[in-house]
Structures are given as structure tokens and as C-alpha cells.
Amino acid sequence: MGSTFGHLFRLSTFGESHGGGVGVVVDGCPPLIPLTEADIQVDLDRRRPGQSEVTTPRNEADEAEILSGTFEGLTLGSPIAVLVRNKDHRPEAYSEMSEKFRPSHADYTYQAKYGIRNWQGGGRSSARETIGRVAAAAIAKKVIAAHFAPTLEILPYVESIGALKAKVDTATVTREMIESNIIRTGDPESVGPMIDLIKQVRGEGNSVGGVVACVIRNVPVGLGMPVFDRLEADLAKAMLSLPATKGFEIGSGFAGTEMTGREHNDAFRMQEGRVRTVTNRSGGVQGGISNGEDLFFRVAFKPTATIMTAQDTVTTSYEETELKGRGRHDACVLPRAVPMVEAMAALVLVDHLLRQRALRGDQTP
Amino acid sequence: MGSTFGHLFRLSTFGESHGGGVGVVVDGCPPLIPLTEADIQVDLDRRRPGQSEVTTPRNEADEAEILSGTFEGLTLGSPIAVLVRNKDHRPEAYSEMSEKFRPSHADYTYQAKYGIRNWQGGGRSSARETIGRVAAAAIAKKVIAAHFAPTLEILPYVESIGALKAKVDTATVTREMIESNIIRTGDPESVGPMIDLIKQVRGEGNSVGGVVACVIRNVPVGLGMPVFDRLEADLAKAMLSLPATKGFEIGSGFAGTEMTGREHNDAFRMQEGRVRTVTNRSGGVQGGISNGEDLFFRVAFKPTATIMTAQDTVTTSYEETELKGRGRHDACVLPRAVPMVEAMAALVLVDHLLRQRALRGDQTP
Amino acid sequence: MGSTFGHLFRLSTFGESHGGGVGVVVDGCPPLIPLTEADIQVDLDRRRPGQSEVTTPRNEADEAEILSGTFEGLTLGSPIAVLVRNKDHRPEAYSEMSEKFRPSHADYTYQAKYGIRNWQGGGRSSARETIGRVAAAAIAKKVIAAHFAPTLEILPYVESIGALKAKVDTATVTREMIESNIIRTGDPESVGPMIDLIKQVRGEGNSVGGVVACVIRNVPVGLGMPVFDRLEADLAKAMLSLPATKGFEIGSGFAGTEMTGREHNDAFRMQEGRVRTVTNRSGGVQGGISNGEDLFFRVAFKPTATIMTAQDTVTTSYEETELKGRGRHDACVLPRAVPMVEAMAALVLVDHLLRQRALRGDQTP
Amino acid sequence: MGSTFGHLFRLSTFGESHGGGVGVVVDGCPPLIPLTEADIQVDLDRRRPGQSEVTTPRNEADEAEILSGTFEGLTLGSPIAVLVRNKDHRPEAYSEMSEKFRPSHADYTYQAKYGIRNWQGGGRSSARETIGRVAAAAIAKKVIAAHFAPTLEILPYVESIGALKAKVDTATVTREMIESNIIRTGDPESVGPMIDLIKQVRGEGNSVGGVVACVIRNVPVGLGMPVFDRLEADLAKAMLSLPATKGFEIGSGFAGTEMTGREHNDAFRMQEGRVRTVTNRSGGVQGGISNGEDLFFRVAFKPTATIMTAQDTVTTSYEETELKGRGRHDACVLPRAVPMVEAMAALVLVDHLLRQRALRGDQTP
């Protein structure tokens, strides 16, 4: 039952990268939210391959169809099913994979766990699976805006690619700045070097990783359910559930472990009638609960496992062999990871907003 | 419902730091596991305050009583309730806290979320809450050993305190090495400097953070439930649900984002009839599923928020003021964080072992 | 989140009676189960309208498409999505319903709860929603047979229609006997009178209810999770979640309340090396756990709410009015309720079989 | 994990009839509800044995201690743990049970399921387990009154004992009428005969069953989460999770299956500005959602399995033998079942009220 997420806004994603299609069922969406396929498509387009010169050339239009849960343009409160058909099948590109486990992919572990795998592509471990999440999150964002926090903004951006670090001011970065470049970084000066780096590693048949940072503004105070469903715990789970992620940190993160308490503590003060902190080492959460400051977290993405050079591996008959990648190849997932991080953040937030409303009603601060 | 954890081995912790007591109910423990209070006490003793010169002097024996779920020394398959009474109450030490929010503590966020808080201590946000987790995990470890993986070893240790880094070889570190020093690091040469550092910051009324690393050996292949309940996702959530944590990384983590795929990929080979990887940048998980290599992850703990110097803050009436800590003071949580990390890892593993057995039966690799 | 069912074999149904389609996502199905659309279609055909002269003439082929979760004819262990398109749309037949609440239908309560409803048919409250359940249960039955209990047989049948009671011997009734008549009763002598009764009430523009009884043979001992997820509790919930149901009883049921303990108790004896009971007033469960005897329960279905005579009702503007049904009309749901009861029973059983395997492994009796 | 109930107001009960104690942890209770032990004790006293001449003479004061979750008389929003110690241990009374399975008790099925059982009493299958439910429900009722529906009244009563039927007018019955007699029936004329019947069967070493009916007044419109978590489905599960229950029906129930749609449908009309039904065959739910009319349902309780005459049974070594009950003996559970039914109803309602508030906010009708 690992493909179900959320306690009140609950989604079940389905679909392999090759097969009838991928999609999602969202159970628990409030009624009366205006929703059309276009609302979903805009985010799917940000996620889809082939969107720019730095992403995988797999060319999928990824057109969403809403199968249920709406009526005359409004949500009904019943499950919303969204389906995206698979189109660009090239199973022949994967024939070698039927017999060899690709290093640092999920081929071996899926085979060991399930005793079977769809070797025509990554199956469920493909980034294509995130289509369902992005579709569900497009709905989640509409719920957040309509019911809870119209000004809440989720702004993930590429902070680094390999060793190249963008310089981004989290206080002023805008969606326009991020979406205006194909890297989706908030630092115009990094765009050129980052594009060059991706092209270079791709030219070498190699790949590169990076970090997506995310700032979320205008978060209501009081989100998070101690002790296990702390807001940062659910965000960490959400982010580590994305393909290729290896780390999560919030606020000061690992760097904060080298500070003393005196350096690290966020003093309180009053500002415009609200309790605010002078600094934000906490990253917007204290004791597992949002404190009204910007949420700020970072997610580590490893370099893409698919590379074009020969690698040692083993066959499905457990003999040592060599595998050389070929075909389509996404040398860096970071630009497309941005809408995925945004999606998971939205899904965590909508669930906690609904949970807090259950607990306190509409009177919550 | 944020105090419930696990899908099949499900625990509900309860209790504030000041009040009748703290504890846990474990629902879903298999029957016929030998279990006595002594099995639980050994881990509670590793967690309890006052155990050494580098931990908080709050002196609690933390004696566990099993209220239900066992009979003649064996588990019954019914809920196991464990209760630890609170004893060392000093509410007067907290009277100032009834009126002022401590910076970087959970006072303000609890007040905002719930409209009320137990100001006699940290309430649920106190590390004391982890008693229930540690008790449940003591049971979980017995289930893992009896039903699934007798040689599985969970070995967390202190990797750094402030800027002091221990040198630990994850391949050879033992529980004896870790538990033989009051820091719980795996590097004998770091023990002295780390003790000195903690004493120094404590002497200054200050505090310091650090990193707990964790290696888990002899993990069965196939644990983890893609796509949301990936093993690393559930570990990330578990760790970020601990008090004072700010980050989680697995395998290569954030450092891996600067590598290329060629450097990062873990080649497969055969060894003693098993599929193994030559390197372990993956940290023991691929595609969200354990691959049989050591699990390796790191958890960032911020410096303790309680410090003995004056800090700016606001009152519960929302006026600016100053607060100066006093009384008992744990200048560094790292030594006591080790059994907490171990507990959460055990709870994640037992749940995934049970889930995998449900899916595949006992035939799973 | 009310459209999700099951703890380990978890399904989410979706779809309104009018709209893109209806279906289900099954999350948690074990891998390596042979599965094709034909396996599902056979049960959908037993459920579909228009299958005989005593069911609604709505004519839907109800063709299932498996969208995900299988590969080369086997389940993958990943979510299985099944879609059935809606075809026989006649929204004009429902135009009056847009303005008037049909008595004893769900029109008013859906409107009150959600503030909106799809008035082009019953929306989610339509029996059409059960397509997803029946599809999921077709898979569940294959899992039960392959992993747990190849001889387990779920045999629901129509026990009464209105005041007409069938005489069925639960010890000898067979699927062939039940499926050989369009009423799906186990009593050949009742078939004719029951068909006549349905035709008569339909001719009068009226409708009639009845009881489905269900015997389940060769149930493993030990299913059920006290204290809340007792087997009969989960069966009761499952059955009462079906449209038009008003009651559930197991074993002696309401009649048993008039017996004394001496009359009611099921004495134990040994038979062929197994513990058996001499009588089965318990209906196959004791203390919430299956005891190896036949499960036996009964489900009450009220008369169909749609009738062809004028009834007092109110408009969506809350004015009193009159409504006269017209169009297609299923005067008795009982024959089609049989596969629905079977489906829900299978879904409860597969979930408890998986839960028990998690708890005890394959060694369970 | 069968001892956990509820989605948002989630309880975990624990404890065997003999052992350290029984109790509950409630996770998800809103904060700021006034709560003391006395609030809980009043309902525990209605449930406890030895309260009158017609209940079991086991004499337990059943004193509740709140271990956590309150502060200065108010709930904190954190888990509320309630503990009741076991006192009246008489393990010697059960020594024969260590070797013989009592007919129609849970001894055999617990042994088969878990491979072990606490034979010193009924363990988890004892009615003593319901203490945790009753304690949780005492809290639930306070939440319902404070947050949602101050006038909501849950009124279960004994409708029949054996063949003796009380005549109760559901429209006028009051708590005072019910609680004024030790049978807890709403019909003063039935009290004497019912007491006599219980005494008679007890004198014969026999036992008797009966029916508890329950009317719930002033239920908000819109509760219930189709399609699986329909209100009646969750009520059915809740009731069938109580010990000794064999049936549940709502509204017209099984009797309604003999009616035609014309007789059965509940016409709508306007009354005092609200949509009302003229009759209430639906029992207050339509399409799984409350319609604002009184909820009305009935629960069948079988005769107590403990009787004082010799019965055929088998030993734990699987040899045929005979067992003759002795010791304390509750010849009829019905009077004590009334607060248990009330408790489960309250737990279902509070959960659905919270779920509906999550979905719609406070604006829900």
C-alpha cells in the first residue's frame, strides 16, 4: 500500500512508465473548487520531458483527462481520478534491461522485492510516476488558495547543479524569476553556466546532481501534528519519496549543527501585531509546528543513474556482465525536479491544513 | 492524531514531561515474543537524563511498567502498554515560562496551534516524550530478531559535536566501541575533545549541536514500499520526528549532489552468491527498497535551545521582553540522541518487515 | 477519504454514474498473480444492468481496462488501476432531478453535505459505483486462491424477496445452483415465484426489497483482529457500505437473542484432527476471529427507492412539490446485489489474510 | 493493529481482564475541553460490574486515572491516556480454563490465532476491555457538545431480553426513564418481568440475550463519508466490534425488506424551514449520510456464553472433554451493554463530525 499518501487529502498514484497510462485518484478533496483539465495541465507541462534543451528528449504531451469527481467545472467532494495515457513507447530501447540490472537504478531491488518487474522502462521507479503527484498537487494548490491561504506561495528553485551554486535571495525570489529560465534557478547569473554544465556532462555521456531549495511564504501558524507528524517530518518523507533524492534539511540544517545555541536561536519580537522571529534558523517550524515564518528547506538530488559509459553489473541470472547505456538520457533532473518538489510540498500542506481545521475549526490563527 | 506511528507495528505515545507519566501503546506486535520490563529498561537507561557528566542532571529513574499485552513472559499479540511515571517534578523552575515564550522552543507554536500548553516543562515537545518510542523500539528489536533478521544490527553513533568530527569506520564500528564512552561516538580519539567541548559550552551557559550517523547491518533485501513509503522516506520522517532534528541524508546525501553519475553509481558484482554493490553511495537503498548493503544515514541535531543567557522574546500577552534561562540544562543532546535514532530506525524496520511479509509471505529473499 | 477501503489490500474507487467513467485503484496486491481483463470481466458481467429480464434495462457493456499494475499477464505488486467507461448517458432522463430531491435517495443528503451534487443520475450513490469494488474483488479472489486458501468459496444467494423466502441448505448449496437462475437464489422452487413478484411490483411501478444470505466455506482459522477489527465488524461495515443495505447479522443474529445460552452455545468436538463445533450459531466467528466453521451472514436490502408513482418531496429551493419517477427502473436489486456482497466479502477476507500473514508468517493454522 | 479505532479522533485500547490494568489512549482530541476524572467515572460506573442485582457480581470500582493530555482541567490537544487498574483478580477461578476451551467463548480462536492466550479470564475478549472505549467516549461526548452539537442526545436502551419486548416510544423516551431502572429499558412495565427473567435464567445456571435499540436526536445533517465510510457502515462496524454482538440494523432494517418501495420511502416536506421526512424508515441516513432525522438502530446481543451446566468441549491438547462453568456469572449483558452501545455511537459520531469539519469548515449545515 505504498502508493497512497495523505491522511485527509489522500492520493493513490498508479501507472508504470510503459503500459496503459499513469495517474492518480484523490480522495478527500473538498467540494465546490473550480477545476478543469487546464488547471492540471499547466503543472504537468512544467514537469514533462522534452520541454527544453536541458531535459530528456522523451516526448510526451502528457495530456490529463479528469475521469471523475467534477461536475459543471466544480469538484463534487468525491474522488477525482486523473489519467494521462502513455504514448512514446519504445520498449526495444529497453531490451537489454530485461536481462541486466542497471547500476544505481531500481531494477535489482524491484526484482528482489516483487519477484517481477516491468523492464520496459523504469516502471514505478520512473520519474513518470510523479505525474500523478503533480496532478494531485495542482488540485491541492487550488484548495489551499480557496479555503485557507490565498497568498501562500510555494517557490522551489534550483540552488545548485554539481558544484555550481546559485546565489538566490529567498526573501525576494519570485516565481517569474524562477520560471523565466529553463534551469528554474532564481539566480540569472547562474543560468548560463548551469546550462553549459549540463550540456557538457551530457556530451560526455555522464550526468550530474544538484540541490533544489524551497521557500514557502505566508504559511499559517499552527500546521504540523506532533509528535510523529511534525510538519518537517512529513515534508522530509514527502521529499525523500521523490525519485533520486538523498537528503533533506530544513532551516539551518546540517550547517546548523556547527553553531552554538546562542548563534542559532531565533529571538522573538512583535511586528505588525504578530509574533515574528528576528532570524529564521528554524526554517519556519518549531516543535514540529509552523511558526508563521517562511518555510525553507533543501532537497538533495543525486546524479541521474543512466549514463552512456560501460558499467559493471550482473544479469538477472546472477552472472557478472557489463552494461552500456544508450538511447534517451536525462543528464540532470534538477529543472524538472522543481515542480515535483512543489507538488509534494503542496500535498503536505493541504493535508495539514485540513487536519488543523478538523482539530480547531475555522477559528485557528 | 499525530502521536501514532507505523502501519502494522503501530505505536501511540502519550504523556507530557510533567504530569502523570509518559508511555506508549504498541498495537500489532506479534505474539510469543519473550518480553519483560528488563528488556525495555536497558534502552530506557541509555536514553535517560542524568546518566553521565555530559547530560542533563534531571534525575529520573524512568522505570518502565508493562501494563498489558504479555502473559507469563511472552507477548500475547494484544496491545502492549508501557508506563513510566514522572517523578522529578519541579514546576517552580518553569514559572517564568508560563508567561514568556522561550526562543527556538515549541512554546509559542504549541500555544498558537492548540490555544493552550502545559508550561511546566516542554510538554509533548520535551525529549521525555521519546521514552515511549524507546520502549516500543525495545520490543521492535526483539521482533526483528525473533521473526526476521537475527543478525541485523542498528548502530547509531555520534559523528560530530559542533565542528569536532569523529573518524569512524562504518565497516568495523561496534556497539561496544560506541557504548564504551559517554559521548557514544565510534572514535576513541574524539571522546576527550568532545567531552571538553560540551563542558566548555555548558560552562558558558551555551549549547552545541551535532550529527548522529547510523549504520544498519544485515538488512534483508526488499524492504520499502514505493512510491511514497520508500524506505528512506520513512526513515527521513522517523528521524525528523525526533526533537531538535534539522536534517537527514542517506548514502552520499548532499555531498553526492556534487558528483557525476560515473562517480556516484554503485556497480553490481556477485559475491558469495549474492548480488552486491562495489561501492555504497546509495546508502543501502535503491528505488526506495533496501538492496542488502548496509543502510547508512546521518541526522542533524541543532544546538539545544535552552541557554543561560538573556534573549529577546515576547510574553504570552504579546509584549516584547527578555528571558534568561536557569535551572537544569542539557548543553548537548547528542549522546542521548543515539538511542532515540536507534529506536526510530527499529520502528521503521519492523513495520517494513511486517509489511513485506504480508506481501510475499516468508519466502521473501 | 471515504472511498478508500482496506488496510493492506487497499482500494480507492472513483467515478460517478454519469461522467468519464468509474473504476478503482488497488494498492497492495501481491505480485505474480496471473491477471487479465477477462478475470475481471466475468464478475462485472454478473453485476451489470440489463443482464436479465428482472434487472434494470440500463444497458452498459461495462468493459474493464487494466491501466497499470500488470506485465505480461502477471501482477507487478504495484497499484492496479481498472477503468470502465460510462456509455449509456441519458442526462435528459434526469433533468427533473436537478430541481427535486428524490425521496429515500441520496439527493438531499449529498446536496447538504457537499453543497453540490451530480444530478445526472445517482453520482457516487449509484449502484454503478460498485463496479470498482467488483473489479477489485475479482483480483482479491485470485490472491486468496493463489496465496492462502484455494478451496475457499464465497457463496452469497438471494434468500428472500419481499415476503417470499427461499429454502436453501447452506451445507449443500453450490455456485452452479445459484448462478443457474436469474434471481440468484439457491432454491429452484423459489425462482418462479420470485420472478413473478418482481414483474408484478415493476408492473405496478413499485419496488421490493429482500435479503442476501452468504455462506463462506473453508475459511482459515484465525482471521479477524480484535478488538475493533473483529472479522464480523469488518464484514458488517463492508456490507452496510453497499447501497440500499439496512441490516447485517451473523450466525444466529437477531433470532439468537431469544435463545438461552444453553440453546445457543456451540459445543466443541474433534473431527478429522480438527477442532470443530457441533452447531454453528456463532456463524463461524468467536471473539471476532474465524473458528474454521462456515462463515454465515445475512444482509438486508431495502426496496429500491425509485418508484413510478407520485411522491411528496421538496425542491432544491426548499419548496414542497411532487415527483413522479419515470424512465429506467430496477424494481428489485437483489439479483445484482449477490455479486456485490461477494465482492465485499472477498475484500474483507483478503485484507485479513494479509494482516494475519504479517502477524504470524506462513505458519498460521 | 486491531485495537485502534477512528480516523481523526483515534483511540487505542489496551489491557486484559487480568493483568496490570485496562485503558485507552485517545489521539486527536481537540484542546480546551474541560475534562476531569469525574467526567469519565460517571460512564465507567454505568458500565461496571456489580452495579445492580442483575449484573455480574465481579466487584471492581474501575477508578479511572488520567495519565496525560490535560492541564489545569483542560485538554491539551495531546494524547489522553486513561488507566484503570485491575483489582479483583481470582486467577484460581480460571484454572480449568487453562486446559479447556469454553464453548462459544474466544478461548479457542485466540489460541489458534495467536498461539497463546491469557487464560486468567477473557483476556482481550472480556467485556472489561470496553472500559477503554467507555472512557474515550466520555471525552468524545464532551467534544461533541462543546464543538458541534450541544443538544445531540445518544439514547440507547434495552428493547428486549429473550422474548420479552419492551414498548418504547422513540420520540419521547428520555435518559431519565432509561437510567431510572436497572434493566435500562425505556418501558417501565417491562422492568419487573425482565428482572424476573434474568433472575430465573441465572437460577438455572443459564443465560439470555436481547436487543439494545438506540435513538440519537439532533444529529447534524451531512455526517458520513461515502462510499465506504457511510455513517451506517461505521456504526455497524462499531457495534459489531462489541463483545457478544451478532447483528445490526438501521431504520426499517430486516423488516423493511418485506415492504414495497411505496410503503418504505420517506417523503420529504418542509418543517420550520428545514427539510424533514414524514416517516423515518431510513433511520436517519440516506446514501450513507445523516439527513437530520433521528438516527435509529438496533443491536443484537447473544446470550452470555458462560453457563453453569456441563458442556462438551475439547482440551488445549485437542482431546474431547466436558466443562462445567462455575464462579461469577453474568446471566445477561444487556443492562451493561447500554453504555457500551452509547460509547461506540459517540466515537463514530465525533470522528465523522471532525471529518466533516475538515472537509467543509464550520459552515457546514
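Which chain is which? They are A, B, C and D, in the order written, and residues in each are numbered from 1.
Everything below uses one rule, namely that a residue touches a chain if its C-beta (ideal position, glycine included) is under 8 Å from a C-beta of that chain, and two chains touch if they have at least 3 such contacts.
All values reported here derive from a predicted model rather than from experimental measurement.
Asks: By mean C-alpha position, what chain is farthest away from chain C?
Replies: B
Asks: Out of C-D and A-C, which chain pair has the most contact pairs?
Replies: C-D
Asks: Could you please state the distance in Å, as a whole number, between where the Cα atoms of chain B are centred and where those of chain C are centred?
Replies: Spacing between the chain centres: roughly 45 Å.
Asks: Suppose each chain is reduced to the average of its Cα coordinates; what separation in Å results between chain C and chain D?
Replies: Those two chain centres are 26 Å apart.
Asks: Find the geometric centre of each of chain A and chain C from their Cα atoms only, then give the gap between the two centres in Å, rounded to an integer.
Replies: Computed from C-alpha means, the inter-chain centre distance equals 39 Å.
Asks: I need the residues of chain B touching at least two other chains; which ones are they?
Replies: Within chain B, residues 1-4, 7-8, 13, 28, 31, 77-78, 113, 115, 124, 226, 355, 360 contact more than one other chain.
Asks: Once bound in the complex, which stretches of chain D touch chain C?
Replies: Interface residues on chain D, with respect to chain C: 1-5, 7, 13, 101, 103-106, 108-110, 112-115, 124-125, 129, 160, 162-163, 201, 206-211, 221-230, 232-241, 243, 245-254, 256-270, 273, 275, 277-278, 281-283, 285-292, 298, 300-307, 309, 311-314, 318-320, 355-356, 360, 364-365.
Asks: Applying the document's contact rule, which stretches of chain B touch chain D when the two form their complex?
Replies: Going through chain B, the ones touching chain D are 1-4, 7-10, 12-16, 19-23, 25, 27-28, 31-32, 65-71, 74-81, 83, 113-118, 120, 123-124.
Asks: Mind pulling up the chain D residues that touch chain A in the complex?
Replies: It comes out as residues 7-8, 28, 30-31, 77-78, 147, 226, 354-355, 357-363.
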